[in-house]
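You will see two complexes here that share chain A, one where it goes with chain B and one where it goes with chain C.
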Partner chain A sequence: MFKIEILTKKGFKNPRSEHVLSDICGIGVKDVTKVEYSPLYIIDGGISSVEAETIACELLSDRITENYIVYLMQSGTERYCKVVSKSATEGDFVSVPSSDPNFSVIEVWYKKGVTDTVSESLVKAVKDLGIVKEIKVNTGHKYCLYGGVSRTILNIIATKLLANTLIQECKIR
Partner chain B sequence: MKKVKVLILRTAGTNCDWETQSAFELCGAAVERVHINTLIEKKDKIFEYDILAFPGGFSYGDDIASGKILSNEIKSKLGDKVRKYALDGKPIIGICNGFQVLVKMGLLPDVKLFKQVSTLSYNDSNKFECRWVYLKTEKKIGNESCCIWAKNLPDVISLPVAHGEGKFIPNNEKLLDNLNKNNQIVFRYSSKEGNEPEYPLAPNGSAEQIAGICNIKGNILGLMPHPERYIFGLQHPAKKSFNGKYGWGKVIFQNAVDFVGR
Partner chain C sequence: MKYTADCKVIEVLNLSDEQLIELSKKNVLSLSLEEMKAVQSYFKKLKRNPSDVEIETIAQTWSEHCKHKTLTGIIEYTEEREGEKTKKTYNNLLKETIFKATVELNKKWCLSVFKDNAGIIEFDLENGVAFKVETHNHPSALEPYGGSATGIGGVIRDILGVGLGAKPLANTDVFCFGDFGIEASKIPEGVHHPKRIMKGVVSGVRDYGNRMGIPTVNGAICFDDGYTANPLVYCGTMGIIPKDKIYKEVKPGDLILVVGGKTGRDGIHGATFSSVELDKESDVSAVQIGNPIIEKKVLDTMIKARDLNLYRAVTDCGAGGLSSAVGELGSKTGAVVYLDKVPLKYDGLRPWEIWISEAQERMVFAVPPEHKEEIIEVFEKENVEAVCIGEFTNEGKLTLLYNGEVVTSVDMEFLHEGVPKPVKRAVYKMKEEKIQEPVKMNSSEISISLKALLADLNVCSREWIVRQYDHEVQGQTIIKPLQGNNIEISGPGDAAVIFPYTVVKDTKRGIVLSNGLNPQYGKINPYKMAASAIEEALRNAVAVGADIRRISLLDNFCWGNPNDPEILGSLVCAAKACYKISKAFDIPFISGKDSLHNEYSIDGKKYSIPSALLISAMGVIENVENTITMPLKNDGNKIFVLGLTRNELGGSVFAKIKNICSGIVPDVYPKESKNVMEKIYQAVSENLIESCHDCSEGGIAVAVSEMAFSAGKGVKIDIDAVKTSYVLKGKEEIREEMTPAEILFSESNGRFVVEVKSDNEEKFGKIFKGTAFSEIGCVSNDKEVIFESKKNKVKIQEDFKVLLNSWRSTINW
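And then the complex of A and B:
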């Protein structure tokens, strides 16, 4: 199972990040100073790391404005075993340690049983690439927030702005 | 005289194919809207047509990125045929989502390279931008465009845009220089007078206000604005027409039909 993260290359604008930051300010939270948004994809189905990189490179990232990181995941867990490939350079990484109180991550995923239309398109597109294995795809969103924000405020940001809690769930780190 | 045959390629999410068909038919062409699965089954069918059009819409729901899945599908399954068609010098147009497909497939700006070297990314506003804009037509050779689709147009025309991902970004400055040097920039967003525009007339933050480009030969045009939505003067908000009846969009389609039929 692979997790693929798509990052905006340094020097390119990420309008969604700016939009979310503006929305956070709009609900009265002034302590978040920067937001970085990345789409996430989990691909399960016995593909190789080479195939995962092909999917990341050819399909999921825009070679002009985006980079990718492919993580190999332990089956059935959220833990990343290792980065198996990446086009991202050091400048694209979020290198802040997760213990830093001024840095938080909110991931938004569909709840089990909710139709994920993007994943259906992606399954078709992977077949078009010539990768014929039966795969399952989950799509998610990652928001890295910079600034000292309490867990309560993070919960408000996640549930009021970033997720539709009827169909999506949030993971806050 | 034999009618010029146009193929309009459609798939799930295409929604400007009927209007594009009407535009070509008004110009005297015989048009077929063909689903991509049909073309994949009979790949050589593409060569039965004189003009190929990639219409606007939201192919595959714009999932992943606009035009990405369709460009991937075409390149994987029809790449050789489409490339040969383009190299034969036959007219190809990609409108809005079709432009995104051409760029992400690598058919524009350099069909010989056939590799993605530029992109159409999210508008700077992070919003879907839908309005009439002004376009400056670039005329570098003999006061005429080197693109076969953009002949007989005035210096400034207006067309509607409707897109969320229309910001043209080349992969480097050299490419931008080459596009300028080779007269491949066909339309730029402009003010009413043809000067540098400001938002909202500059709808997306494109490099050098690029709204449409062609290949060096001039037979392939990709543009974000919708010429098929300005065929009649009645479609313009101020009912403007160039001869009391038609809109400037019709000229773009007529140019290609006349080019084939000449």
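And then the complex of A and C:
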């Protein structure tokens, strides 16, 4: 199982990050100073790490404006994630330690059974790419928030702005 | 594939009334006691209990969403006006008002009305144009993006499913939201903030419409706190269809072909859910998620199959899913369906879930057996899944099988005619309207009010939304939603015009789309709200050059709980207005839809939305070269107001911002208005009008300002030259002199502001002889917008950029 994260290269604007920051300010939270948005994909099936990188490079990222990181999710959980390939340079990574109180991550994923049209398209596109293997795809969204924000506020941001808890679940780190 | 056959028998035969109601509630059937008793009685005759598939099928077929039980049921109506009570019983409100007007008008150019998925009027000798507007309110309240996307996806499928399929040419969208300025802490638990709802809804319509390659060309937004927990999302689609493809007929032996998306648990109970009030416990399974890429492929392939005459009938899978679609097509014949043949997204769906799922992007076809292979090949060539799931019969029964076992066997007649007609009580007590105290304001106060009006949520620019939509795709939109001299300066167009030259070769004709909506009037007078909405839709269409003799209307009622006699009373009152105004203007309704039970619960207390009647208009324009826009064109041209200005500030935007509680709601004077509209068409055909804009929210002052700033020009207006007239209070005519503020901000119907070249003034005057019109000013080259009343010593003078900024700054995210 692989997890692929797509990052906007430094120097390029990410409109979604800007919109989210604007929306966070709009609900009265002024402590978040910067937001970085990355789409996430979990691909489950019998693909190799080379194929995962091909998918990340050819399908999911724009070489001009984006970088990718491919993680191998051992035992199917994120706890045992390790980077197997990346197009990003070290400077592109979010390398702030998770214990930093001024940095938080919110991930949003569809709940099981909810139609995920992007994943449906991706399954087809992977076949079109010549990787003829049965795969399952989950799509998610990662928001890195800079600024000292309490867990309560993070919960509000997650549930009132970023995720619709009726169909999505969020993980806050 | 592996499934779990889990078909339960539902005990109804021996249930008490209380238990029947409990069963209905527990299973989200939304059936009344009377309806549950009808089900019980039917199965008593069959001497068996129903299966869960059968009971779900009946609930979907009999749902308010599919059957429109309130508008077609019995209504005992009492109306009280000025102390006098009148009573009337309607056996079918729809047939006795809206549809009645259409029947009586009997227009030969109305090709298919109130009987298919959309109304169709004649476009030319070979083609018709179809138009449908739907609502998707409850799903959009729960999941704004998915709800609105599937709203537009659903109405596109209505157009694909009308006759043998029309090709969609344009979308429309109209929304009602709560005020997005509301503090987050004041939002009830379980309700999304209006800003989030608005952003989600707009994104949903944008993503679905744009990806389908259909331009979104016309719309409106109304803001009111009453829509905070229950927004309204109206989506419309217009399409073109060859006349020989308008009629469909299923024949016994035809195969049932399901095409498009796979079936999952999406939208289970969507049809019955629409009859349930919203609360924080509302169910996730009622949410549908759309996939426009699949629908686009279905669109392209089915038009190919249509032109090869490979099927005899088609309809879309909307509310109620296969249950409604197959039930509808087979209502006169009968059908056998093998549920285990339906393509599924995943294992584990029970038979009743397969049957009523509202998974999106599915169409159902009736295919003669001899065309089976050819039609499947057409779809499969483009990777569109097409599977035969059964056949139509001549037995008058709906039979469903799952893994060889019969899980449903009910008579089509019971399914479609067996629902008991509900008897509902409706009461309407007319509120007294009286003219407000004279609104005396000095120049500065009027100037501040004008800027406040332009910035008001119900007047301000919708550019943030409009620019997200592709209104140009297909390259046929010739009158666009934003009009002006350049991208930095634009004003609100009155209506859209589509020139379908890519599908109808060598045509000069166009299709005009417009709308009218004003729930504020309905809070005081639902009759005038309905009448005004009709007139506004017509005015908007006429303002771009439409011929009023070739316009048709669609009604979309969004009301609260019809079990409340007062709420139902206001609906009856609005329906009466639809009949009268339709007749008076000689304009037929061709289609419509109602969405009732728009209520929500906060801390156990129930609230209904402000009633909203959206009127959409579609017309055919003989020559698209004879169309006009609203920005002023040339310095020195004369400005006229057509129609009379009355002291009608009731429910107006001005009354709201000035906290004026009284005032007469704008009435409709069809004889006057129709005459003016006919003459505008004549003048436009003779190229005598340079620009035209209808007067609605904000009155003359807002209309003139919009015309000026969208052109980047100045204008000088003489307030004293505006022709004023009496207002009707009951049957009494009240004549009072109006103040400058009242003249500028009155929202009287029947008025247009037009620009005419000096050279054409005489010819223009001859055409309008005998109607109320007055020259009120001219276009100037000094960029100043000036309104002056020498009589009252009032002069408002603003740079057009100041007014433009007021208009543009409210929704500018």
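Rule of thumb we're sticking to: the second predicted complex is superposed on the first by the 171 of 173 C-alpha atoms of A that agree within 3 Å, B and C clash if a C-alpha of one lies under 4 Å from a C-alpha of the other, contacts with A are read in each partner's own complex, and residues count from 1 in each chain.
Rule of thumb we're sticking to: contacts are C-beta pairs under 8 Å (C-beta built on N, C-alpha and C of every residue); 3 or more make two chains touch, one makes a residue touch a chain.
Model, not experiment: these values are computed from the prediction.
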First (chain B), second (chain C), both or neither touched by A:167: second
First (chain B), second (chain C), both or neither touched by A:27: second
Touching partner for A:65 - first (chain B), second (chain C), both, neither: first
Which superposed partner A:152 touches (first chain B, second chain C, both, neither): neither
Touched partner set for A:113, first chain B, second chain C, both or neither: second
Contacts of A:121 with chain B and chain C, given as first, second, both or neither: both
Interface residues of chain A shared between complexes with chain B and chain C: 117, 121
Chain C-facing residues of chain A, complex: 22-23, 26-28, 111, 113-117, 120-121, 160-161, 164, 166-167
Parts of chain B lying in touch with chain A, wherever the complex brings them together: 60-61, 63-65, 68-69, 72-73, 76-77, 104, 116-119, 121-126, 169-171, 205
Chain C residues touching chain A - in the complex, by the definition given at the top: 142-143, 145-146, 184, 192-193, 195-196, 199, 264-266, 282, 284, 287-291, 293, 345-346, 359-360, 813
Residue numbers on chain A that touch chain B, as the complex places them: 12-13, 15-16, 18-19, 58-60, 62-65, 117-118, 121-122, 124-125, 128-130
